[in-house]
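Sharing a structure, written as structure tokens. Questions coming.
Chains: A, B and C, in written order; residue numbering restarts at 1 for each.
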Amino acid sequence: MVDPSTAKRLVQVIHDNLPTPVPGRRPVHTIGIGVKGKFIASDVARTYCIAEHFDGAPVEVSIRFSNGLGGLEQHDGWSDVRGMAVRFHLKDGTASDLIATTLGEFFVRNVDDFFKFSEIAKREPFKRRHWLLKILDFLQLKIPQRNPYPGETQSIDEGALRYANQHRFSQLGIFQVGLIGAPESYARASYHAVHTFWVTAPDGVRRPVRFYWQPVAGVNNTDPKAELRDKYLFDELKERLKRWPARFMLMMTIGEEGDALDDCTKPWPGTRLRIAMGTLTLTGIPEGAEQAEAGERISFNPCRLAPGIEASNDPILEARLGAYEVSREMRGGCPFKWSADNA
Amino acid sequence: MPDNVGVMDRFVDRLPETAFFKFVAARILVPFWAWWTPVKPLPGGPHPSFQHGDNVQCMMNLIMPLKDKSPVGRAHAAMAIAQHKDAIFAGLNNVGTVHFARFVIVGDNICMFSVYDGDFTNYIRDFIATIGEVFDAVVGLVEGGEEITPCEKNVEAFIQWVHEHDLYQVPDTPTDFLRDQERLNGDKAVAPVNDDLTLLPRKMVLQLRANANVSLGSGYRAYPGYSVAQVRKQLGLGW
Amino acid sequence: MVDLSDLQGNVLRGYKDRPYVRYLILEVADRNAARRWLAAAISGRDQEVPQITSGDWGKAKPQTCFNIGLTYEGLRALGTPDSSLGMFPNEFIEGMTARAVKLGDVGASAPETWPAPFNEPDRIHLIATIYAEKIEQLDQVQQHALDRNALTLLGTREGYNFNGDFVHFGYRDNIMQPRFEGIHDPERHADGQPLAPLGTVLLGHKTNLEGLFWRVPQPEVLGHNGTFNAFRVLKQDVAGFENYLDQAATDLLAHPKVDEVLPPGTETDICQALPVESPSRHAALREIVAANLCGRWRDGTPLALSADVPDRNVDRAKFDYDENSRCPYGAHIRRCNPRGGQIVQRVANNSRRLIRRGVPYGPAYERDKAGDAGKAEPERGLLGNFIGASLGAQFEAMSCDWLNLGLQDPRITGSNDPITGTNDPDTSWFDLPLKSGGTIRLRGLPEFVNTRGGAYTFLPSLPAIRYLGSLTT
């Protein structure tokens, strides 16, 4: 558990790196849309985890899709991480949250790494690379830095690259961010919860697992050479849900002895057991005041977990517990109860 | 909002796709960098691991160049396999750790792609013990094959030869690929670390020059983590 | 057939009456002096250096025995021609430290953690073993052996064979060794297993895999009748093992099926037979767990012959495994040697056998004194030698596929050996079989054994030692 002052520092550091302040909003994943859905667990889910939402009965779900970049300007078409935060509503009024992003692994292992990263990877002016320098890159068989998007004047990419060059554990995460692109639809991307959790089976056996959402419609990114659109994802989702349901499979990978359980910069290999835990169907997008509740005021926490699921000792996961609460208070987000008897 | 994109900017952005640049890259740049920063070929086979999931359903991609590089040579290879099909299947059944295996002729190579459990040398050695004569027949048609046949009398050399013809498996993540190269060159992580990630494309190109044939990634598995015997037992097929 | 006087004595004999053992880990200091040392060691002239004990003792039993093994680096340091060096098997050339992942030497057993002299594997050239009746003789022979400036002493390891062949975990060991075709061995009882072909242990002879021959490094005199040894310093956490038995017994007492595991009343028989100091159901369950993890009761009775209670009257060596055997598939001795039992790799039955010459090191564990005054337990364990004609086909194949992965039986695949495996208590498991056919899954097994050093050595025949001693280039 991270102490409150560190949690505040974490949030502050993120705020400091914003292009413009975002009063009353999230400092990252600022732009987002709230969606309603239903989750039905598979027939084997309950043999791995006793949590209520895995017992097979349909569960109401609140979801928020978002763009990763902090700031009030919406740039759907820019290469950016996307978020999918899911709240499983349990019978007694509590809930279990699962927060996932399209980035498969994080780029820092703990809070100290994160502060160091924030010092090195600050927003810097981002201009088009001179064509002579690009030719020099080609001669060295290097790929030159991408051109800035229309209206993009600042970026942390250079700083992040400097950090990656000096810290091997961060290289995969930062490298993947560079290539992540923009999805055609929020419903056509894979979202990874990144951190390890421990699930308890009915016979008491605990297993270390990682979750990810797999889109039934398949992954599809936009063509980076096509013209960029700044606002299309919300409309796309609305249109999509009018035509046919959008579904995700919840996959759970079981870790083995020797896997990095508490290190979220290390992905688990594809040779691990993969369990299909259930299917999520997006049912509708609230409008008006309900959208403000579902898309803005809602506040998730990666450590809000149903009995049967526990957090691992991943230091970033622990830090997020505190940081998310601090951020929620700062922006006036809706508090949500942690257990049945507290409001 | 248009930014000031000059003629040269647009030209240079399109440069890598032009035939001219591709020619220069392939004929001049790559050989130059291969000479300036030499890269050793990486060894084949799955990456060593002591974890269970990594030691079942391992991939083998064996590429063996034929001696006789003509349709007649390929026909000989095809006949060699066809004549011994029963022996091959019996051998595979007896080794007990092979999920899938197939012989494929690609160009002037006879290839074997298989999915097996456990240690590579045990799998090949058990194979030699059961279908050694089939190996002799096939490997006799391959470049360099006469030095290691009969395989029963040259067990260690044969296993080494197979290992050398097994393709390098490019890791699933680019960073693991960088670590493979570094390990081969004996670079330990010196502190302070100062890599240059922008060199990744060049390192990849040079490696693919040293290892002309590679397997991309460790492969997809529909039901990872299970051995042959576990699957057969679970499905009631007898092991 | 083979002439026993051509072989080093420790390959086919256990030197039972010489319980004090010391391993000298040596580096070649001067090539020519080392060659002369080798030549002197088989010259028959005892004054210069201790004589290498052969397999044929003639009339007089020696008081002390002396044998050597050479690593690849050692053969190189002696100036063995490159063409010969290249004919040695890959795993021997790479050395044990390079095979760490395959052998499961990871984490606390990783070669990076090994203490001196095993942390400098390239300097380990020769491992000489002294076996003595009395402890003073060890120093005498060591002094005698190091008289010349041929070899530098890098370190020693010492062990003592407990009375009754017990090892630190409390089991009676040394019950089984393979019997060989063509070797007259009157002491060994019939064990029901087929005689092992000589090629199981000696290069240049037929092996257990039909038609296969291991490469004999040339010239013939160098490789013929030689063999390979995996020397391992295995630290054993006896306190942890006994604590685990406590925990497992407590868990079983609370299990609904405990009466199937330990029928009420049988605890007295078990505790009497072993014997156990304070008999109780808990104590009997501890012994049942210990028996199932190993495959033998701690007094040596094999579970395959007597699963309910230890029985002094059974022939400890003579048994085989079939579907009715109540020895767990994952038990240690069954993993190491599945005998004729059903295994996935059908051609490999009896092909991965090893000669084991081990001796415990460190003080015996005393349970009642454990945890005294917060003192840390002294290090204890096994100095193990696993001898076979092919390291890759026998020792490594057994370690990798059978001990660590459990590939030979789908019922144990995915679990490590319960006693020697790299077990993580969060994920480890072991299935205890019940008479009715079901199993109880034990969990939380920690690592009991850590590797603290080792080397692959070549045990040359006496003619080979003569050849090496006579090299001049």
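Quick note on the criterion: contacts are C-beta pairs under 8 Å (C-beta built on N, C-alpha and C of every residue); 3 or more make two chains touch, one makes a residue touch a chain.
This is a predicted model, so every value here is computed, not measured.
**Student:** Out of A-C and B-C, which chain pair has the most contact pairs?
**Tutor:** Higher contact count goes to B-C.
**Student:** Which chain's centre, taken as the mean of its Cα atoms, is farthest from the centre of subunit C?
**Tutor:** The most distant chain relative to subunit C turns out to be A.
**Student:** In whole angstrom, how far does the Cα centroid of subunit B sit from the Cα centroid of subunit C?
**Tutor:** Whole-Å distance between the two chain centres: 36.
**Student:** Measure off the straight-line distance from the CA centroid of subunit A to the CA centroid of subunit C, and report it in whole Å.
**Tutor:** The separation of the two C-alpha centroids amounts to 51 Å.
**Student:** In subunit B, what residues contact two or more other chains?
**Tutor:** Counting only residues that touch two or more other chains, subunit B contributes 49-50, 52, 56, 225.
**Student:** What residues in subunit A touch two or more of the other chains?
**Tutor:** 256-258
**Student:** Which subunit C residues touch at least two other chains?
**Tutor:** 106, 422
**Student:** Which bits of subunit C are touching subunit B when the two form their complex?
**Tutor:** Within the complex, subunit C touches subunit B at residues 89-90, 101-102, 104, 106, 209-215, 343-348, 351, 392-393, 396-397, 400-401, 404-405, 407, 409-411, 413-414, 422.
**Student:** So in the complex, the part of subunit B that touches subunit A is made up of which residues?
**Tutor:** 1-3, 5-6, 8-9, 11-13, 15-16, 21, 25, 29-30, 33, 49-54, 56-57, 172-175, 178, 189, 192-202, 205, 217-221, 224-225
**Student:** So in the complex, the part of subunit A that touches subunit B is made up of which residues?
**Tutor:** 128, 131, 134-135, 137-143, 147-148, 150-151, 161, 164-168, 171-172, 174-175, 256-259, 267, 269-274
**Student:** Where on subunit B does subunit C make contact in their complex?
**Tutor:** My answer: residues 48-50, 52, 55-56, 94-97, 117-119, 121-122, 125-126, 128-130, 132, 152-157, 159-160, 225-230, 232-234, 239.
**Student:** Considering the complex alone, what residue numbers of subunit A touch subunit C?
**Tutor:** 205-208, 256-258
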